[in-house]
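In the two complexes below, subunit A is the common chain; its partner is subunit B in one and subunit C in the other.
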Partner chain A sequence: MPKLSAKLARIVLPVLALGGLYLLALHKHAQRQDIRGAAVVLTPGCSEKLGHYALVPGRQYESPYVLQRTGARITLRGYSEEDVRAIQRGCNIIDDTQGRLAADPWRERWNAKRFMRGSHASCDHCHRGIGDLQDAAGNRLIGSNSLAASWIGGDMYDRFTGMLLPYELRQMQCYINSSNGYKPNIADDVIRDVTAYSRFLSAALDLKIANHYEEQGIDEIPASATLKQGDDYIRGEALYKEKCQGCHGRGGMGLEVNGQLIAPAVAGPNAWNMQSRNNFYFVSTILSGFICRNMPPGQSNTLEHQECRDIAFYISNLPRPAGDRQGPLAAVQQQFLMAVIPPLLRLSAPGKAPPQPPLEHASSKTPRLVPLENGE
Partner chain B sequence: MNRIARVPTLAALAVIIAFLLWAHLASGIPVFRSEVPPEPGWDKFRARYGIDHFGEDGQFVRAVQNGYNLFFYTYKYAPRFTRKSAGDQSNSCGACHTAEDLAYSFVNSDRFDPTLGTRLSFDDRVRRCYAGSVDGFVPTVFDPAVRDIRLLARAVAHHLQLSEGALRRKED
Partner chain C sequence: MKALALALRSHALLWQQWPKINGHLVVGLTLALVTLPQAVAFSVTLAGVPPHFGIYAAIWGVLFCAMLNPSPVFHGGPNTAMSAAMGVILLPTGAPFGAEYMGYALTLGLMAGLIQLLFWLIRPLGRLLDLISEPVINGMICGIGLFLIFRSLTTFGGLPMNTEVEWPLWIAWQSLLAVLEVGNLHAIEIGLITLITCAVLQQFERLRNWAILIGIAAGTLYSQYLSATLGLQTTLVEQIGNLSSIRVISPSLPLFSQEAVPDIIAIVPGAVTLALLGLFQTVAAMRRMSRKAGGFTDSRKAIFADAATNCLLPFLSSLPSCASFNRMWLVHRLGIHSRITIASSAVILLLLVLFFAKWIAVIPMPAMAAVIMLLGANMFSWEDIKPHLTNRREAVVFMGSLLSVVFLDLFSAVLVGSILAIAYSKWEQVNPNISLRGNVLKIKGNIYYGSLPAIEAIYHDAIKRVDELVIDFSECYYIDAEGVRWLAAAKAARKVGFVDRRTGQDRRTLAADASSGRREDEDPRAGARRRKRDRRRHSEF
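This part shows the complex of A and B:
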């Protein structure tokens, strides 16, 4: 008799466990369906962006941006209410990936945070202007990492992975490396909503499939675009302290005041990992390009190419999480450094601002690059 | 004794080597080679839709060519995902759709489908076609049988200079 009950238990318990998992999956599925049908509370940035592009449900869509810029009325297929909500959620995810502005990040951002280890990263930090950076006159900016142009250019050969990279897989890479996190499923709403938003942006800007647009990706700065002095840690550190530390903090750890993120970490546990394309040792041209085009805020395009490379070189030497290709030893080393360096920095900072180098420091060392007649 | 013990190992090794040689040199199975077999009509298609814009050769162009083969010779290039054979009348995607259909479907995908009550991506639609229209099985979303049809659609959409949500004009 005890043998029989043991046998029964061996059958019934797994069946009950599987049944429980099935019920849980049904519950989660219904919950997701519920969120898909719920009205979306837009972030202020998304409210402005989507309002500017006149996103409303309807049978047809006409972009006011295209009308204003070209005078042409281009009629495209409109969006259903479900599509509009997906686009709105996608915009929110880009603008506020961690759900800092959301009352309930699980519902309003699909809890995108579950795919990130740090507490700082947000898509909008790199894809600025909520993925569609424009100047005051509405001109799209070169090398501004536009999500619309990125969608248009999706599925093309990617030199870093050596494969034809679909847009969805590119998003996954961002979660893994730039956010130092985990890979969402390709069919997860967190991926599909961002795709919906990017596709809408490309419609609003009237970009044509597989054309190349200047705003796609970063305007990279290779060593050949400098006077070839070589990238320098000491110069980079001095420049960082002068131009970046005020916002990004000592050691690049980012700045938070009363729980509000002022500037994201560029090093340490909250920053991108060593496998990210932002890491100078993986790709030396991207972070420098981003710095030159975007930093410091309000003074973009004021740094010399060499200065940007020096700052990128310095930042990339600060400790940060290892990526999936660096191996366990590098991971342990980085974790150790990330644990040790912040307390040392605090000890060495007696509560006052770090000494500021003179403003003309860098430019006096690196004259602005001018095109030469022989094209060098 | 030692020699006798080695016989099964050597035999297994020989089988593996023989399989590899057969797969690469004699099988004719396309997954083992990077070149895509040219099917009738490819050169015409290539010229008509300006595929050379993406280069004469390269991963993208080869994927587009494979997409062409999948689209017009589905029974031959996706036998795992269709029960149709050469003798069937509607045995390929091209039997029901044109390349332009594909391109317009691509730029109008990722939209809500009221009949299914869900948002459908282009890949979802292709997978549904495998399961339904060609009476077969559903490939994974990463399978080249799905990806290369999407790439074919992208290349044709580029040639037609379509933007997201482009509506089909009557003359198309």
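This part shows the complex of A and C:
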């Protein structure tokens, strides 16, 4: 009799457990349907961006941007209400990945934060202008890491990994390395919504698949674009203290005031990890390109190429998390450095406040902001 | 008449042997069906090569191993860790699935085979592999069981597999959430039907061998029902797919051209890793499973079998082969320990892909994932784990090995587990059991350079307190040259007497003698009697 009851238990318990799992899956699916069916509360940036591109549900779509820039009326297949909500959620994820502006981050962002370890990173930090950076005249900028151009160039050969990388896998790399996080499943809504938004941008800007656009990726600065003095840590440190430390803080740990993120960390646990392409030791041309094109805010394109490489070199020497593929020893070493170095920096800090960058710096150099030609 | 009689006799013989043959065939078919999805998944998702690489490994790898390896429970073929390692090693050489990449994959396999051959030729190298203890192996088995469950979660939920290396536990957690939130409900239903059918049927002794086959059949029937009513374009359930391009043999040549030499040199360290990864698993799995089956196979024969197989497979468009813990576990669970059964599984798989490719094509992947999850769950055997948890040292080694598989990888688990086991064994040696009762200093364990400081500390303390000290090392099993010199020096100090196995003190009465103050020379006849008995029993001293 006990044998029979044990056998019965071995049959009933797994069946109950698996049945419970199925019921939980049904519940979660229903919850997801609710979220995907709910109206999306846009961030102010997204509200402006998508309003500018006149995203509304309809049978046909005409981009006001294209009309304004080229005078041509290009009619495309329109977007359903479901499509529009996906695009809106994608835009929200790019603009505010951590859900800082959301009333209920879990519902409104479909929980993108759960794929990130740090509390600073947001897609918009690298993909500036919510993935579509333009100057005041509406010109798209060279090497501005545009998501629209990325979508056009997705599924292509990636020169860093030597692989054919679909757009979804490229996003995964961002989650793993640039935000030092975890990889969502390729079918996850976080990936799908960002893909929907990027695809919409490419339609709104009238970009064509298989073309190359200058706003794709970063306008990189290789050593050959400098006077070849060599990248210098000491020069980089001095420049960082002069130009960057006011916002990004001592040791690049970022600046938060009353829970509001003023400037994201460029080192430490909230920054990108050692296997990100932002890391100078991994790809030496990308971070320096980003700095030259975007930093300091309001004074972009004012730094010399060598200065950008020096700052990037210095930043990349600051402690940051190891990449997942570097193994546990590197992870422990970096965690130790991140724990030890900030207190040492505080101890060695002089009493005075760090020098602030001149906000209205009148550069003697001509700004090298390079707008694209209309419609390009 | 003679012919008729012979035919009748053969028929009768066949009829008598039918249950046994039938058992072999069922187990062979089950093994073939379990190996097939693993072969496809390992080659495509882990190694970055077309599915036929894995399928040929599941046919020819298994067949060669069954012929060359005398173990009746050994099941070779494609392996998770080796396939994943190949993908990582070959990443810098070119784009996966490209012609060059496949050429390098074959070269890598051949180099690994040749390195394994060195382990067979140089005996001490091969003996190094024996340093993996049972708690390490059982820890690895449980870790692999967990790994298989985690790995199959996404396929079970009809989602694409996460392919990049990342922290496996987090992947598992995210995969579970993804299955619950965005998984394909039809796929989940198919997986659950398969899983429940298998789990229920394996509780019945008579149906145990059929459980997996019936489970797969149930999952496939439900999948076909869904396809018929809703359409495959609605259910979006992944199936094994078209295997009609598979032939009996697909000859291939590893890439060895002048232009490829720099890349080949670059992957040599990877080849060493791959070779070790295979050998460690083979030796560990074979030792464990042979012991469970009540047998023994010399690990050198297994090394040779693996090495020879891996030297041949690159010429047959195949992934390298090594032992598969989960399939060997299945062989053991199904209870038929026979090389014929294992070889028959390879032949059955070949026949299946040659003649029943259309039927196999409709088997849904969630059903296959469910079977792999069940195998993973079955690898947790409380009977095997329990003895390790009762001994603290074994528990640490076991947990270290298990956690290393979960947090690091298989190779690290072998290293961590072995280092822990060796460290414990060395710790035991450098800390012999030393007791001082009366004037007898008793040393149990080793007297060697490592343990001498511990012995000396107590010896010098004792010699100050007693007039004459007796050092009893009758229970020492190893004394090195430094230990002998120390003993000689102690003896020269005059205050010291020895009790070893030659002098013949009976260790059971020694403590009583020491406490009562009786000396050996008080009763010379008894001493002589004991001396005689002891010399016979412990001739090594």
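Simple rule for what comes next: the second predicted complex is superposed on the first by the 350 of 376 C-alpha atoms of A that agree within 3 Å, B and C clash if a C-alpha of one lies under 4 Å from a C-alpha of the other, contacts with A are read in each partner's own complex, and residues count from 1 in each chain.
One rule holds for everything that comes next: a residue touches a chain if its C-beta (ideal position, glycine included) is under 8 Å from a C-beta of that chain, and two chains touch if they have at least 3 such contacts.
Keep in mind the model is a prediction, meaning the values are calculated, not measured.
In this superposed model built on subunit A, subunit B and subunit C take up the same space, so to speak, and clash.
In the superposition on chain A, contact of A:76 is made with subunit B only, not with subunit C.
After overlaying the two complexes on the shared chain, residue contacts for A:156 are found with subunit B alone; subunit C is out of touch. When the two complexes are overlaid on their common chain A, residue A:339 makes contact with neither subunit B nor subunit C. In the superposed model, A:262 makes contact with neither subunit B nor subunit C. Looking at the shared chain after the overlay, A:7 reaches subunit C, while subunit B stays out of its contact range. Once chain A of one complex is fitted onto chain A of the other, the partner contacts of A:164 extend to both subunit B and subunit C. In the overlay built on the shared chain, the residue A:16 is in contact with neither subunit B nor subunit C. When the two complexes are overlaid on their common chain A, residue A:182 makes contact with subunit C while staying clear of subunit B.
With both structures placed on the common chain, the touch criterion links A:208 to subunit B but leaves subunit C unconnected. Superposing the two complexes on chain A places one of the subunit C stretches 278-286, 314-322, 494-502 or 512-520 into subunit B: stretch 314-322.
Contacts of subunit A with subunit B, set against its contacts with subunit C after fitting on chain A, overlap at residues 157, 163-164, 186-187.
Those residues of subunit A that touch subunit B in the complex are listed here as 60-61, 74-83, 86, 151, 154-157, 163-164, 166, 186-187, 192, 195-196, 199-200, 202-203, 206-211. If you check the complex, the residues on subunit C that touch subunit A are 91-92, 94-96, 154, 159-160, 162, 164-167, 170-171, 174-175, 178-183, 185, 188-189, 192, 195-196, 199-200, 203, 407-408. Interface of subunit B with subunit A (complex): residues 54, 58-60, 63, 106-108, 110-112, 114, 119, 121, 141-142, 147, 150-151, 154-155, 157-158, 161-167.
Contact residues on subunit A toward subunit C in their complex (touch as defined above): 7, 10-11, 14-15, 18, 21-22, 24-26, 28-29, 31-32, 115, 157, 161-164, 172, 176, 182-189, 324-325, 327-328.
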